[in-house]
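Shared between the two complexes below is chain A, which pairs with chain B and chain C, respectively.
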Partner chain A sequence: MEEVKLMKGNEAIAHAAIRAGIDGYFGYPITPQSEVLETLEAEMPWRTTGMVVLQAESEVAAINMVYGGAAAGKAVMTSSSSPGISLKQEGISYIAAAELPALIVNVMRGGPGLGTIQPSQADYFQATKGGGHGDYHLIVLSPASVQEMADFVVEGIDLSFKYRTPVMILADGVVGQMMEKVVLPPFRPRRTDEQVREQCPWAAMGKGDRKHRNIVTSLELDPAPMEVNNERLQATYKRIAENEARCKEFYTDDAEYLIVAFGSIARISLKAIEEMREMGIKVGLLRPVTLWPFPTKEIERLSKQVKGILTVELNAGQMIEDVKLAAECKIPVHHFGRMGGIVPNPGEITHAFLSAFPEAKQN
Partner chain B sequence: MKEEIIIAGFGGQGVLSMGKILAYAGLMDNLEVTWMPAYGPEQRGGTANVTVILSDEPISSPVLDKYDTAVILNQQSLDKFESKVKPGGTLIYDPYSIHHAPERTDITVIPVEAMEATFELGNSKTYNMILLGALLKARNLLPDEAVIRGLKKTLPERHHHLIPLNQQAIDKGRDLVK
Partner chain C sequence: MTTEEIIQSGKKVYERPRLLTENITHYCPGCGHGVVHKLVAEVIDELGIEDRTVGVAPVGCAVFAYNYIDVDWIEAAHGRAPAIATAVSRLYPNDVVFTYQGDGDLAAIGTAETIHAANRGENIVIIFINNAIYGMTGGQMAPTTLLGQKTATTPYGRQADLNGFPIKISDILAQLDGTCYVTRQAVFTTAATRKTKAALKKAFQNAMAHKGTSVVEVVSNCPSGWKLSPEKANEWLNEHMLEKYPLGDIKNV
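Here is the complex of A and B:
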């Protein structure tokens, strides 16, 4: 059996990357995710698996190194926090347009601007609705525990190769900085050049004995083939939306009300729900595990069962738009959030719920 | 068993490392643990606190508003967390840096002269381990053996020669709780 370890979410990302057979990590330090790069440098995986770890001169350089590595069929990743992720958006759009696999980790901090180093979820719109320019999506995974920080590195890089699209782990400063128990994924070797050549016929890794050259680009000046490129992307997104939406439900069987929350705040909400259940109020929790694609069907189903929904987010109300679309405005959907790096405690969430649905208490 | 603990003081007092050793000790005792820090950008000064939860069941929220036990190292933290100890809970504090002693009567308040004890031990860096010893005794939390294994996991190997000193400080802290 694998050893149970105690570590920070950021450290788990780094260890999982080495074990997942990642070929290259390119980053630039920023709080609250600097431990990813620090842990990789301390572990020195270039001596063991041959993984490249490079501190680039900037976030822009790092994401373009990812673009280059991905174009050669390598399993590559980067990580940053909100302001750094904004800098990477041009590169992310190019990687999406070029249909390349890559893993991007955003450990969100309070914004806008340089903001604060404390936890936030204010980059939901940026991650799920584009972020960079053009019609594209990322697959967005939302971890709520240190275990999921590790697991989603493996799942994320695999999904990115399956669909040839960049995947983002959208974490927040709480799961990045907190320590808890984790079982790291088993080691799997990095792919050999032969395996890459076989599994990624699109990779630009030398012509070899192929008849044609692989050219990776996001540029297509002629609008007709550019529209074809877009249609191909949209077909991929349709397949992803049909197959990859995931969520977790707690206490929903008999729920009369629902809280929808993602990431760390989902766990804080769960504690509030446990306290409200002791008061006799039947509240359930739905935690979207993928933010794109969004678990619309499950929320739609529960919206026919419950009397009202409260979304709890570390922002001014972003995911609530997707929840409202899923519930089709048939029941009241309210929002509670704290901004700028403030993390509410369970008592505040209970108070917010009872303020939104005072009738829940009287039953 | 579930113990929800806040440890709070100034940055540099060893608040986060004390929580870390406690969390590792919990791991060694096969408990579920979370360690959730809150601090500013400073390495020294400013306030720092850490929430440690030890439980034999899965832990939902790592962030809390009520605590079974508070370990308080300065006045600001006492002002902030005294009211957040659950009725019947425990508040451990060092009177050395406290001007207004805790006033609650519905909790167990335990003053621990930890700073004084560091003078006796001749090493100010043992401060947090003395308070950890006091916490372990006051709440009868974890077996000694788990704590020492926790220390070994937390300290880099080049510092392992300091484990006997840390053990001494933990014992000193235990002795300070009647």
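Here is the complex of A and C:
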């Protein structure tokens, strides 16, 4: 029987990492995600699975440790919150450029600047549109529950190895801090060094019996091969966009209006939708599970069915740009958001919806 | 035997180190980087650790070090080599991991990564090429640039009140409990080069014995950045650099 446990989203990340066979975690404390590092240090996985856990001197160092571990073929990860993720951007760009697998968790807090330790989704642009320099993408997973925090660690590291590209779990502070029931993923052993050598023939782990040396680099001064490198990256992103976009739909079958929301606010939006359905207003919810690739096709399909879309975000309106692109401006798309760490309740969302679409009530 | 006699006898008395690749280096004539590369290649070969050595290349003139020494390499972002080496060394405790860094890489942008890797006593070798200038970007001031030294960004000479003082980072690293061996060597004469090789060997042996962080600073030249001929550059090094950066072991435990 599966064992159901009660824990915080951040703790679930830590436990899932140990169980997923992660080889190394490198982090630096920052609210609201410090429980990831704290839980790992308390669990001492180096005594059980052999996983390396290290508190780095900064987020810059932590992401470069991830780069080093990934370059050597290991399954490695880091976690942080918004200001720390800004510091990691240089390293993330290098990891993407060098085509390395890695898992990065951002438990978002309100910004800009030092901002607040309260929940936010204001790093959507940063996560989905690049963040660091150069033409690259991350696969961005958006958990809405503690269960998904745990599940996405396994899925995230596997996706990162499948495509040799960094994956980000973009959680908001609510999902990191709230306690819920969770079934942790089953244990799977860490790969042995021999397995790494076999599965990652590109890894810089020491030549062993290999005749040639492996070099992990993102440098190419000659423009022609550099363009080829870029084209290879873009081909990977194309494959990812074709195969990995995911979303969840609720009450969309007969929906006349649609709310699009991700993370914790999607769950609060669902409550609002249930209230509105009792009032006779047919609203559905689309919750993107991957923020990049974005579930454009599904939104495009629904945009032909509904009369209007409201995006609900814990920011000033970021995902709305992707929703508008998907809906191709054929129907009105409005935004409702709170900033600064404020999480609206279902009543506020209903109110915002009715202000945006007053005609919905008359029907 | 005279040189002529040796040549005439046809006996091989010297050859390219086995682990130095055939690639033609991009280094300027007379540059110390090439000499240190040769020593590193020889030491890795002599210690028989080619199969389990991982080098971490810097951003700086040695950015292409991976083209020249035949071991696995990871190319770091500017200054971050010690963080990368930390992870590789911890994930592969039997690997021998070294960084190769210039003074800007190690003692300016990467100061935090350097100090904290050394302070944790990471089991790595840090090879630190101190040429008192930013070679790669065209000869700007480095943290180790001497007072009065002219560079592209100190065209009238480095002044303490404007630019601060040259940093002796190896002396700082020697203060940390995590370092087992900190030495300052040079490659401007054959005798100095021999000593540098011995120091590098010791540092790699420390890593093989899991003794902690070893730092080998090499006071080197940059004929191009210094705008001197290779010969004059070595004279300048002898006359000016060694006073501020005296050679010898700073720490050896």
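The criterion applied here is as follows: the second predicted complex is superposed on the first by the 363 of 363 C-alpha atoms of A that agree within 3 Å, B and C clash if a C-alpha of one lies under 4 Å from a C-alpha of the other, contacts with A are read in each partner's own complex, and residues count from 1 in each chain.
Going forward, contacts are C-beta pairs under 8 Å (C-beta built on N, C-alpha and C of every residue); 3 or more make two chains touch, one makes a residue touch a chain.
Please read these numbers as outputs of a predicted model, since none were measured by experiment.
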Clash or fit, chain B versus chain C on superposed chain A: fit
First (chain B), second (chain C), both or neither touched by A:356: neither
Which superposed partner A:87 touches (first chain B, second chain C, both, neither): neither
Chain B versus chain C as contact partner of A:71, first or second or both or neither: second
First (chain B), second (chain C), both or neither touched by A:206: second
Once both complexes are placed on the shared chain, angle at chain A toward chain B and chain C, C-alpha, multiple of 10 degrees: 120
Partner chain(s) touched by A:241 [first = chain B, second = chain C, both, neither]: neither
Per-residue touch tally on chain A - higher for chain B or for chain C: C
Partner chain in contact with A:268 - chain B first, chain C second, else both or neither: first
Chain B versus chain C as contact partner of A:218, first or second or both or neither: second
Contacts of A:347 with chain B and chain C, given as first, second, both or neither: first
Overlay on chain A, chain C to chain B nearest C-alpha distance, Å: 28
Complex contacts: residues of chain A adjacent to chain C: 23-24, 26, 52, 54, 56-58, 60-62, 64-69, 71-72, 74, 76, 90-91, 94, 193, 204-209, 213-219
Residues on chain B engaged by chain A in the complex (per definition of touch): 20, 23-24, 27, 32-37, 41, 59-66, 153
Touching residues on chain C, where the partner in the complex is chain A: 50-54, 56-57, 63-64, 66, 70-77, 80, 83-88, 90-92, 95, 112-113, 116
Residues on chain A engaged by chain B in the complex (per definition of touch): 4, 6, 31, 117, 174, 177-181, 264, 267-272, 274, 343-348
